[in-house]
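Lettered A, B, C, D and E in written order, each chain numbered from 1.
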Amino acid sequence: MQRLAEFGWRLLPFIAAITIWYLVRWSGLVDQGLLPPPHAVFVEIWRRSLDGGFLLDAWMSVRRVLLGLFFGMLLAVPVGFLIGWNRGVRRFVDPLVNFFRALPPIALIPLVIVYLGIGEVAKVAILFYAAFFAGVIVMYEGMSQINPLFVRVARTLGATDWEIFYKVIIPLTIPHVLTATRVALGVAWATLVASELVAAQNGIGAVIQNASAFFQLTTIYAGIVTIGFFALLMDSVLRAITRNFLNWQDRVAQ
Amino acid sequence: MNASASFQLCEPAASAHSPDVKVQFRDVYKTYGRIEVVHGVSFDINEGDFISLVGPSGCGKTTMMNMLAGFTEPDRGEVLLEGNRVTGPGPDRGVMFQDYGVFPWLTVEQNIRFGLDLRVKRGMSKEEKRETVEKYIALMRLGDFRDAWPKNLSGGMRQRLALARAYAANPHFLLMDEPFGALDAQTRSAMHDLLLGIMQSERKTALLITHSVEEAIYLSNRILVISARPSRVVEEIRVPFSDQRDRELLDTHEFIEMRRHLRDLVMQQYAQQQELR
Amino acid sequence: AGSTDPIRVGYLHTLAVDGQIWTAQHQGEWEKQGLKPTFTRFYTGLEIFQAMVGGSIDVLATGAVISNFPSRGQGKAFLINSVEFATAQLWVNPAMGVSSFADLKGKRIATSIGTTAHVFLDTALRANGIDPKSDVQIINQRMPDATTAFISGAVPAVALWVPFNLQVRERVKDAKMLVDASKFYPDAAILGGWAARNDFYDERKDVLERIIKTWLPANKELIENTDATLKMLQQTQYPDVPLSELTEQFKAEKLFPAEKWAEMYKDGTVTAWLNRVTDFYAKIGGISDAVPASKYFDPSLFLKAVG
Amino acid sequence: MQRLAEFGWRLLPFIAAITIWYLVRWSGLVDQGLLPPPHAVFVEIWRRSLDGGFLLDAWMSVRRVLLGLFFGMLLAVPVGFLIGWNRGVRRFVDPLVNFFRALPPIALIPLVIVYLGIGEVAKVAILFYAAFFAGVIVMYEGMSQINPLFVRVARTLGATDWEIFYKVIIPLTIPHVLTATRVALGVAWATLVASELVAAQNGIGAVIQNASAFFQLTTIYAGIVTIGFFALLMDSVLRAITRNFLNWQDRVAQ
Amino acid sequence: MNASASFQLCEPAASAHSPDVKVQFRDVYKTYGRIEVVHGVSFDINEGDFISLVGPSGCGKTTMMNMLAGFTEPDRGEVLLEGNRVTGPGPDRGVMFQDYGVFPWLTVEQNIRFGLDLRVKRGMSKEEKRETVEKYIALMRLGDFRDAWPKNLSGGMRQRLALARAYAANPHFLLMDEPFGALDAQTRSAMHDLLLGIMQSERKTALLITHSVEEAIYLSNRILVISARPSRVVEEIRVPFSDQRDRELLDTHEFIEMRRHLRDLVMQQYAQQQELR
């Protein structure tokens, strides 16, 4: 009973959102042709999933996002650390990071196509780019908020720079790594369509592109809903995984 | 009072570095913003000394300790460790901080083990490390909490944990900033005796900051009375008791005499600080 | 050629561009010519060219941009697919006060810059005494967005290509097609066709010839057996597009039998058409030292293949 | 002298980047036609700035980014607070935020056109969307890391919920607001081109769009460099403004 | 020792709520995880009482205070404040926390003023507020640091700041968790006298947690000796001295007698805790 209620609570926001969607449609505020009804969208998702192609598309996109996110964070974490930790590195890298993180992925597509081609590498590279720059700044800011007392304590116990880094700084920045990863995850998904502009044969972004080429609004919505769904799922998994890393924190919101 | 040879250190210490002088403060000054904290402090610490700093709150004791630990640099003058200017912290000087600095992301056991798992201790065997950790968990009576996070400890338990971590790393030189402030009288005496035991058996040097005059006398062989801000060394008191001390000492006439003398000195400083305002 | 040669082909998924490709595949023409193509689909001609320039593909099939990149020295055109006869259309919304060219003055027209639709729009406006630069405001949008903007009433006019006209017709009941590209045929025509990467063109003319030989029977099949071929294409390649719609799209393009093309290749008609579009790109797109069609378009391979 | 050296240090990363750019070009790794030389790009910026249009474009873009960022953060801060603060709100809003923040701005363009048209509002709305969702998640994560001791202290002094909110939570989250704003700033710039896809009449994104329609690489690079420049500038200003809000923090990196 | 009426509270306090009983702990239990912290504690606090809790480190004193302050709920039993179950914190109970909780983003002056600027104090005039702040800045001798951030204060200064903030809010009921631990003896006595003065002039009720037996006797009218964990009330000691106290009291025979008695009691608990292990 308890669990059922819990489940109901979880669904509530989505039920509310879908209700609003219906209301907007029925209110006649917008041309009905420009806003497919929710059930049509879900039927579309169902239909496309049944024939299998859509699931493959979803899988391709999820894979790309995961790869981009993984490599992006793999680089963002140490670079964020270095910027926060070493004044020389900060001076040199910080301006470059702030320059490059603002560059729009779409504007980079011509360059990516030319230099990296049209394969998976190119697509993942764009997601990597987006994830890296979203993550690195959160990491760096988190880094710089560390209480120096802990570093001092570690030093007096004889920790080397490297030991301080991985025994003090890393644990203290885990919460920030989590934040950074969550931000990067969102940004990576949001960049997905742009990345699949690069000769997209498959992927949800490609499905959306494709549908746009024929103005199939229902399919576009189906693609958007699917992206949101997978993003939500990955975000939940991420939080579940990392929850036990944060037990030591005294938090206002548990 | 003839038991204590009291004199004021005004001129810089002799520049020659004699082999058993471990630390030299030479005419050290420090100002934070508009506020002068340390004003021309000079003193030596010899190998094997247990030296205590007592003085009014906010006078600059922690600042001086930080200089020796290598976290703060003097504005003028110098702090020498074995003849060399202190440039940074090191594992030769173990520090127990006034606000503990217990690592919140490690459990009690992991906190104590932290120092032992560092590169500097690579010579130590696994078994030895385990034993050391167990020993301090027992001595600090944290057995029930070995897997607890610091956020779930009481104030006194956190202080004991910080002590355990500092002792377990086994530095030659122990710097302790009010290490027993959050403990009840009984736990405190247990800690005193533990510390005296360690000093004795392992021939360490120690610097203690404390507000308890009794504690200072009971533990130290020399006590520096620090003035109100800006801090100077007002008086150095040599404690004449043998290294073998126990609780009975507290009731001896000499002890009570000395305590009274020290209290008066600190009281004077306090009064002075009040006047300054 | 005894062995099979792999080639990488980029294309646009629209009947006027890939109709021959899939017809040829259905008939097994690629294998017959000893070619093993991998097809990569793109959404704009621009991106195919970028990919080709970057070396990701060898040859491509596209629309009007065939006159753009080669004139910058990137790629060589060697085969013309079709005339984009009525694929480009200019639609206006009378409800917003636009029902003639005269009404367009001072209004906003949505289109995708640099595409077939843009080239056509430029021609259409000039032909009606409207200066595309100063008299109207051309708004650059991707075609789905341009269509959406028109349908939702954000702009009173849109220059589009099929099949976007279907949505417009359906959603904006009184929308009016002012003109389509056929109006300017044969003086001006927008061609779609094939181009090869420079080094590929230099080294593998034999492959290009075989591509042409693959294309020839497919083109023939499309012209002579239209209904069946379209049905096949609808089933295999355009499952989302109803047959009627596909037929309509087919009507919007103009295919010629090989002999007719050969004639036009020879007498310079094709080159002239290409040049006209190239001039447009040179002017609008700021190409300095534009390579003329006579240099980037090589009719010889086709003529040789046709015999 | 000192200041001159400082200035030199600041320029160093950019000089290094430009040098690498030249080297790549000269090395012949990429077709020279595909990578314009830096000086050509700067000349292009200069030429376009002289005729005035480019400055107007830049100004339009800066204005859009500023507006989007401003409104985005204006909403992100309270929403982030609410999610972190109130369990009911969190339950309801958090899943929606995680769903919507992943939706690609490009995919949303048709919807924006339908509901908001193709004017400034539509463009700013997309930037608002991007900034809001990038910011809100950082805010929320920052919120939830607050030490409950301070809340307790305030309660015993008699603070109401509202007072705790603006006298305790807000100051403690200022560092996170800064991080969130910096992240949102980057994301907003990165979304600029997408937002100007709505109808590229003016703005740096439009310049890039139009240039890519004709593959004018020099202009594309000029646009990209300009975006980076303005993003960097705004980031520096932001940090300078907020620096004094953080003086109270004991930071590892100063 | 006949000066202190000592008895053990075993049965729950009478359920009738008499008008001057301010707080009732009724058979309170609390367990954290596997560890029982509070075990059947019952006692009353009357209006105007100054009650001290003494007991070994980690026994559960802070936990009890948290229950009264409204931060923790008992697992069993109840804590009544003026007859009503405590459900949350409130400005009637001012708390001075063991780890201070000084607001790091406010200067010294702003910290002290914090409580005064809240809605609950809207009746107070501006002038009055200013005066209160000035008064405590002066009393805590923080004048030089009025605009300093807490990170730039010494440990003792931070403690004084927390005291100033708690006093300035002027609650009816003061809960203090080792409020003088980081102060030197002189500052501490000044604080004692200040606190006695406040208690006297403003008729407050107070609960003090301390490790100093002397401090407990000097300040309180009742002292509860808490056992080792799980904590029970071992003994309640009534302090027979008048409300007008000064430093001379410390040297009286009664005082010394009582101190010894109390020390012995605490020592027993300590020993017991050790045995438990």
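The criterion applied here is as follows: contacts are C-beta pairs under 8 Å (C-beta built on N, C-alpha and C of every residue); 3 or more make two chains touch, one makes a residue touch a chain.
Just so it is clear, the model here is predicted, and its values are computed rather than measured.
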Contact-graph separation of chain A and chain E, given in steps at minimum: 2
Most contacted chain pair (by C-beta pair count): A-D
Distance from chain E to chain C - Cα centre to Cα centre, in angstrom: 86
Between chain E and chain B, distance of the C-alpha-averaged centres to the nearest whole Å: 29
Distance between chain centroids, defined by C-alpha means - chain B, chain D (Å): 50
Junction residues of chain C - those touching two or more other chains: 50, 53-54, 142, 144, 148, 152
Shared interface positions of chain B, touching two or more other chains: 99
Chain A: positions in contact with at least two other chains: 30-31, 34, 110, 114-115, 149, 197, 212, 249-250
Every chain pair meeting the contact rule: A-B, A-C, A-D, B-E, C-D, D-E
List of chain B residues in touch with chain A within their complex: 69-71, 88-91, 93-95, 97, 99, 101, 103-106, 114-115, 118-121, 149-151, 165, 169, 171
Chain C residues touching chain A - in the complex, by the definition given at the top: 10, 13-14, 40-43, 47, 50-51, 53-57, 142-144, 147-148, 151-152, 163-164, 166-167, 170-171, 240-241
Touching residues on chain C, where the partner in the complex is chain D: 46, 49-50, 53-54, 68-69, 72-74, 110, 112-115, 118, 137, 139-142, 144-145, 148-149, 152, 154-155, 281, 284-287
Contact footprint of chain E on chain D as seen in their complex: 149-150, 152-160, 163, 167-168, 171-172, 174, 247-250
Complex contact set, residues of chain A against chain C: 30-31, 33-34, 109-110, 113-119, 197-201, 209-210, 212-216
